[in-house]
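Chain IDs A, B, C, D, E and F follow the sequence of writing; residue 1 opens each chain.
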Amino acid sequence: MVQKLADLQVGMDFELPVLINQVNVRTAKNGRRFLDLIFSDASQELPGKYWDASEADVQTFVVGKVVFLTGKCETYQGKLQIKITKMERTADSQYELNQFVPHGPLTKTQLQEQIKALLLEITVPKWNRMVRYLLKQHQSAFYEFPAAKSNHHDYAGGLAFHTLSIARLAEDVCRHYPQVNKPLLLAGTLLHDLGKTSELSGPVGTQYTVKGNLLGHIVIMDAEIVSACAPLKIDPDDEDILLLRHLVVAHHGLNEYGSPKRPQLLEAEILHDLDELDATINMIVKAEKKVQPGQFTERIFGLDNRRFYVPKRNNSQTATPKQTNLNL
Amino acid sequence: MVQKLADLQVGMDFELPVLINQVNVRTAKNGRRFLDLIFSDASQELPGKYWDASEADVQTFVVGKVVFLTGKCETYQGKLQIKITKMERTADSQYELNQFVPHGPLTKTQLQEQIKALLLEITVPKWNRMVRYLLKQHQSAFYEFPAAKSNHHDYAGGLAFHTLSIARLAEDVCRHYPQVNKPLLLAGTLLHDLGKTSELSGPVGTQYTVKGNLLGHIVIMDAEIVSACAPLKIDPDDEDILLLRHLVVAHHGLNEYGSPKRPQLLEAEILHDLDELDATINMIVKAEKKVQPGQFTERIFGLDNRRFYVPKRNNSQTATPKQTNLNL
Amino acid sequence: MVQKLADLQVGMDFELPVLINQVNVRTAKNGRRFLDLIFSDASQELPGKYWDASEADVQTFVVGKVVFLTGKCETYQGKLQIKITKMERTADSQYELNQFVPHGPLTKTQLQEQIKALLLEITVPKWNRMVRYLLKQHQSAFYEFPAAKSNHHDYAGGLAFHTLSIARLAEDVCRHYPQVNKPLLLAGTLLHDLGKTSELSGPVGTQYTVKGNLLGHIVIMDAEIVSACAPLKIDPDDEDILLLRHLVVAHHGLNEYGSPKRPQLLEAEILHDLDELDATINMIVKAEKKVQPGQFTERIFGLDNRRFYVPKRNNSQTATPKQTNLNL
Amino acid sequence: MVQKLADLQVGMDFELPVLINQVNVRTAKNGRRFLDLIFSDASQELPGKYWDASEADVQTFVVGKVVFLTGKCETYQGKLQIKITKMERTADSQYELNQFVPHGPLTKTQLQEQIKALLLEITVPKWNRMVRYLLKQHQSAFYEFPAAKSNHHDYAGGLAFHTLSIARLAEDVCRHYPQVNKPLLLAGTLLHDLGKTSELSGPVGTQYTVKGNLLGHIVIMDAEIVSACAPLKIDPDDEDILLLRHLVVAHHGLNEYGSPKRPQLLEAEILHDLDELDATINMIVKAEKKVQPGQFTERIFGLDNRRFYVPKRNNSQTATPKQTNLNL
Amino acid sequence: MVQKLADLQVGMDFELPVLINQVNVRTAKNGRRFLDLIFSDASQELPGKYWDASEADVQTFVVGKVVFLTGKCETYQGKLQIKITKMERTADSQYELNQFVPHGPLTKTQLQEQIKALLLEITVPKWNRMVRYLLKQHQSAFYEFPAAKSNHHDYAGGLAFHTLSIARLAEDVCRHYPQVNKPLLLAGTLLHDLGKTSELSGPVGTQYTVKGNLLGHIVIMDAEIVSACAPLKIDPDDEDILLLRHLVVAHHGLNEYGSPKRPQLLEAEILHDLDELDATINMIVKAEKKVQPGQFTERIFGLDNRRFYVPKRNNSQTATPKQTNLNL
Amino acid sequence: MVQKLADLQVGMDFELPVLINQVNVRTAKNGRRFLDLIFSDASQELPGKYWDASEADVQTFVVGKVVFLTGKCETYQGKLQIKITKMERTADSQYELNQFVPHGPLTKTQLQEQIKALLLEITVPKWNRMVRYLLKQHQSAFYEFPAAKSNHHDYAGGLAFHTLSIARLAEDVCRHYPQVNKPLLLAGTLLHDLGKTSELSGPVGTQYTVKGNLLGHIVIMDAEIVSACAPLKIDPDDEDILLLRHLVVAHHGLNEYGSPKRPQLLEAEILHDLDELDATINMIVKAEKKVQPGQFTERIFGLDNRRFYVPKRNNSQTATPKQTNLNL
């Protein structure tokens, strides 16, 4: 029996809970109104059309909701699509989002615990309080949003996972180079992409918001730091606040990539470098999963359209079972 | 008798009130401590050394103060300098800064009146209140600061004069292209460079501040707009506020020039274009004043090191006496 | 009854006068020769095939001619096209081109009057005579050609309208900055794009000519200025002629955009800036017309593929009915 | 006895005919007017000051004139200069310019003969007549001017020599690739840099003229070709004329280097490539002469500041005595 | 009767020997395994599917083999394809590769003889021996490989032909500029692209090898020169070897084009320039063959997407029948 | 008494062992030959002239030798220099180089031990043997050379220290991202800059060698890997060797920085990123040492001329005494 979308082949009937990933209301040449949908579960995405949509249907079947779908698998112009027989909303509490979208290796609880532990290392009170305050304001989004619309860590929870990965590398760098200001580097790491919770629309059918397009997550978070000074009773012109803002402002490294200032602090430079390193590794590993040994990956847009080679023989250390490094 | 620094020739004695434009405390090889100074009045700058400076002297003779100077004009390595006989601080109220620094064609009062008139054209209350609030917060600096450390409008009052010039062009553009949102364009024009009052140190011996270097006037003003929402009881996520922030954020036009976002509103694009147009004309006119008809100017750094030609015969309309356009 | 192409729906029969916008002579796999046509009226463009075209047909049905078309509306690969039943040339004088192509807000007569008025402001005889001479040589094309193949002012009469818009801005700039040589700036404005009458093929099915591709409108007009010196009995090495040539030669601003010299005169720089400003505003306004408030436009190729946002609420001054500024 | 400037050492008296290479009228701090001169003969350049210059002296001692100089060799700030005892103009006919400036390996007569022979290969009458007409108009300058102010072939006669060198390579290319239109390529070669006779001031103290700065030699020559059509009774819109103009217009290859159009004809591309090849070889060979085997040359500005290595052992074919290839 | 692939029209049956140019083993949705093939002869390429391919078929029908094909010509999605009735391998010796792939104007024997003659001009023993040794190692590939996967000289034997063309130009340059070290220039010319025999897969269905992708022909050949020193008993640090390596290493001219060092020897610069010149001419001539007089070619990727114009009237010298220059 | 060069003040006599850092043989205007020297010890560099140098002196006093110097400290043009009274070579074994040149935090023995430990982690025999073989060939230079002529790790032993720092970061990355092939990454790390032992002249008066200029350390090491295959009996076309070569070849990341291929392996990308990270941190820390809290560093050439800010208050973790991370 069909258990997930990836099981479907042409002609099969099925009944499955699926997520509405995208939806557009359209009118056909013959005047009938329909919903142009993309459904997903954790296994795959598939398109489908819901014909003669009423106004109530338009209100009901929106992005991010789980529906119980009855239908048949067809092809159109060589691609699979769903012919919908019946579509019903499920109770919001019945399913968890993570069942239907790609997500990372850690659970939300694991992410929260590890972030909490990191906060203890920010030993300068002003930075510690500022980071706690802003993380709290955006806490649900921080653990649910992806780190990007596409490219790297583009899955639910990707924002927190990417943040955590950089923090792990930052700890290593602080151990090797004692001149680095660890509390500052960690505070900047935790805040650097937090503005993405306003720049992006959410974990499903991720789009840029108008605010995100017009201002960008760098400028958004910078202003939030300043605005937080009043309730936290911190002087916004205190140099420690300027330093933290600079880490956020400069973390894209180059003006061309949207940083109004290039890094001018050792910690700002390191944050930028580690951000790129983690994103780069994530993009390559993601692309390598799709090809066989002895092949090149597809071109990776975020890496100047380079292709990467997966060697025929894997000489990496394989004696012991691997686990993701952050699980331990 | 010597009336101003430009009158001095080698060997002349003089007594003059002058401004301290730059000062550095240094120690000579022989161990004597001295102040390495640059003096100016409206006519010229000249360097001088004040030997055996006490701690009190260091506190007294600081940048931006007017001193009454007794001395002699000498040469050192082919350049004129001042041998100081006596140097005394004057009362802060005795002289006006404008006597000692280059300044623009309009008085502070004229600038204030014309800016005041412009505010009436910002007919959307949210923008009108925001602009009045922020101009008031920075009012003394706004009318005294230059528009830049060097390049264009680099004189006392240049910031307000440059702002006013753009606003005049903006009014013309709104007249020709009725699709333009005039209240938005004028509000953005008035705020776009206001952050320079924090980015630069002031009208004398102008330097970039640490805050200016690490954040830049774009990011500084953006955060001030958001912070002003609380006292003004405006929702910071109101679209009108986003639009105004975008005009500030995007006014450098290109990422490479420090705008984290490129213009994505008609009015943001126009503000950028008029900002460049006014700065460009100012730079060329300033450079042309230094050469004769039939010659090329020096290379202008802010215009990609181009030189501009001053034609031999001036065919411009000269029938009527000219006045600066903003004086009327 | 069908009044214009935009009224057509699948299956409708119609009889309409339409313009031949593009035509290619092709041979099908089965050996039959046909004309592959694109028709237009002011409302829309539609393709159609005219089968078994004789040599006489090829001579008759050429770009820029109006035909009376009898046919039916069909679809092919999801797009509307015309099945031609009958196609007949109309008398050249029967219809006016403006009925069939997009055109600007001013009539040809209005454009001519306003250009005529501008000529009076070119008070230096050499420039005045040169401009009159060259405008006269290209007078019919100047008022009929578009300003570009696509991008901005890409409609019949766009060349003259764009020229006039820049001249209006130029007058404003001369009022604000009295150092500007107004006769020179206006003369350069009127000639700067006149070479497009040789660079482009005309207002219908606009293509680059071979001359346009190999030389470009800048080089073309520069040589025409020099060639005009003989009949006008002006010394081609007179500095005033060099200045005017420089305005034409430098008006693209950057070498990369096809100017062999960058602007080195105040007026050349201003002409370039205003040319860009007017083209930019035109492109944005054109794109904004196609989307709803709260949406972003399509990417605009001529503006580095930026998209522009149309705010939800229109705060522009709307108390009085608007008119295009040039109509008054 | 001192025979040439290169013989001079500190303290030597001398009497020599020398060329005035540069001259500036200046006033010293003490009010005395002097001529600041640079003299040269074929061996070297040396500066000198001529004190208390009368108005007649200013008129007499101008760039490009030969003077008979009596003086002594001194040092000033570590560099040799001339203390002038007496300076007298010589008769214009007494000396030949080539005695005092660097010049190429061929005499003017040799250059003229070889160019004349080349004209026979331009077998298409329109191009042949155009080239003859324009060469005749600029004939004295063509054989005396350098090919550039500095960089390559920057000596008297360099323009004609560089032209000839390219033509030699062009003949070879035509022999190897029979698709190349030889008459067109040679006609374009002969005209491509001819506009330098207006762009530059001449063979001595070479400067850019105002016309050269504002228009450049490409635009200058293009317009001259068009203007020549009237006296030659050639239709300026004849395709052959467009092709020839394109070769001139496109010969810098890139917009960035001042060509308003990039090459779009096989012959235009080849002309550009050979122009660069000859200039490049000339620059390297010139720089290599100044260093020893086993050393790198100075950085060559015209070649992106590269340095070139002169191998320790010269393995080039050296069995037979060498002659410059064009001498034969 | 059908003699070659270019004769085929829809519905025709045929029997022809053809080359397998590309082959992919795929599985259809219905589970049947098929070979997705591209066949060619000297006239054209056509695709076809071979259904229900056994493992033996997969081993038999590989790229570069000639098969005798029985089938019918069909269309699929508007393009011609082959419906295969029967497909049989031919004996390897039965056909010559050149019958089925595009190739150059010279036969392999002609190429070999001319290369052999060139070797005599490399009069320095170290270079002569090195070149002979490496050419011998790659001799069959050198005369069969194309010079590139696409772009220029992309046909069987193109590598040797391109090498020979550059060498011919190099001889001319040495004649004109006696400072050039001819043995070095010729040695570098012969080796510069020889690494392509490892970088590319061969003359049929040319692909980049993994080695080619990861290292490139420049690095590959550089290391081979060094490795050859041991068997040839040449000191790898001898300056003559460094010079030769530099010619190989720098021949792409710019770092951006894959040369780790830019040319720093006169001969390295010339090799780069002539390499570009020959490739450029080849690309233009190839593109011009596809269009009619009076038309522009398609955009040429390798020449920055420029299009080239083929003049209406051919004014090139046409009195005598042309032959390719290398045939004589 | 004077113990080191940094103790010297004008007029002091001294006797000190110092290193000859640079030497040039010159001839004064008066014909006397002298050595123009730069001396150093670990504290400072100072220039001096040794007059009337005999041929034996030229052979004796060469770069990298320690001399015992008797002299006096003078000034010339405002800078200190040494007036040499007596200069004698010391025995080569009497002093250690590290006494006279800046060097890193680890001794040669410490470096050797830590590198030795790293080799154990290269668990793939082919890579392990290759790395051991090449390190052994260059072992003395590897531990004595700087990592660069200037910029980063520009001190004796810098090459090994920089290599070790990257290896430490590489171990961390392998711990966090188990997909990384650790033996390959470490092998590439150890070899990536080893070619600098041929590219640079040595730890004293470091210059680029001719070989370094013409080929660069990337190409040099690549060829050495291939040449080592014969004695190590490894097939040079084994994929593992290609992978290792690719890491060396691609480690500069961009073509513009001299890598003929950009990284196309996960490990190659990581090696490049860590190489940059370590060099960047080293450059910033070096520059920060020269300024006070609250100041910006000088512009750092290797970081696009950026200046870095040293905060007023140091908030970095300072509770425990710091040690360099590699000492433990």
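The rule is short, and it goes like this: a contact is a pair of C-beta atoms (placed from the backbone, for glycine too) under 8 Å apart; a residue touches a chain by one contact, two chains touch by 3 or more.
As the structure is a prediction and not an experimental result, all values here were calculated from the model.
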{"item": "Mutual neighbours - chains that touch subunit C and subunit E alike", "value": "A, D"}
{"item": "Between subunit E and subunit D, distance of the C-alpha-averaged centres to the nearest whole Å", "value": "42"}
{"item": "Centroid distance [mean C-alpha coordinates] between subunit E and subunit A, Å", "value": "46"}
{"item": "Shared interface positions of subunit B, touching two or more other chains", "value": "210, 213-214, 239, 243, 264-265, 296, 309"}
{"item": "Pairs of chains in contact (touch as defined earlier), listed by label", "value": "A-B, A-C, A-E, A-F, B-C, B-D, B-F, C-D, C-E, D-E, D-F, E-F"}
{"item": "Residues of subunit E that touch subunit A when the two form their complex", "value": "29, 210, 213-214"}
{"item": "Subunit A-facing residues of subunit F, complex", "value": "123-124, 127, 165, 168-169, 172-184, 239-240, 243, 262-266, 269-270, 273-274, 276-277, 280-281, 284-285, 288, 296, 303-304, 306-309, 311-317, 322-326"}
{"item": "Sites on subunit D touched by subunit C in the complex", "value": "210-211, 213-216, 218-219, 222-227, 230, 236-237, 239, 242-243, 245-246, 249, 255-261, 264-265"}
{"item": "Complex contacts: residues of subunit A adjacent to subunit E", "value": "9-10, 294, 296, 307, 309"}
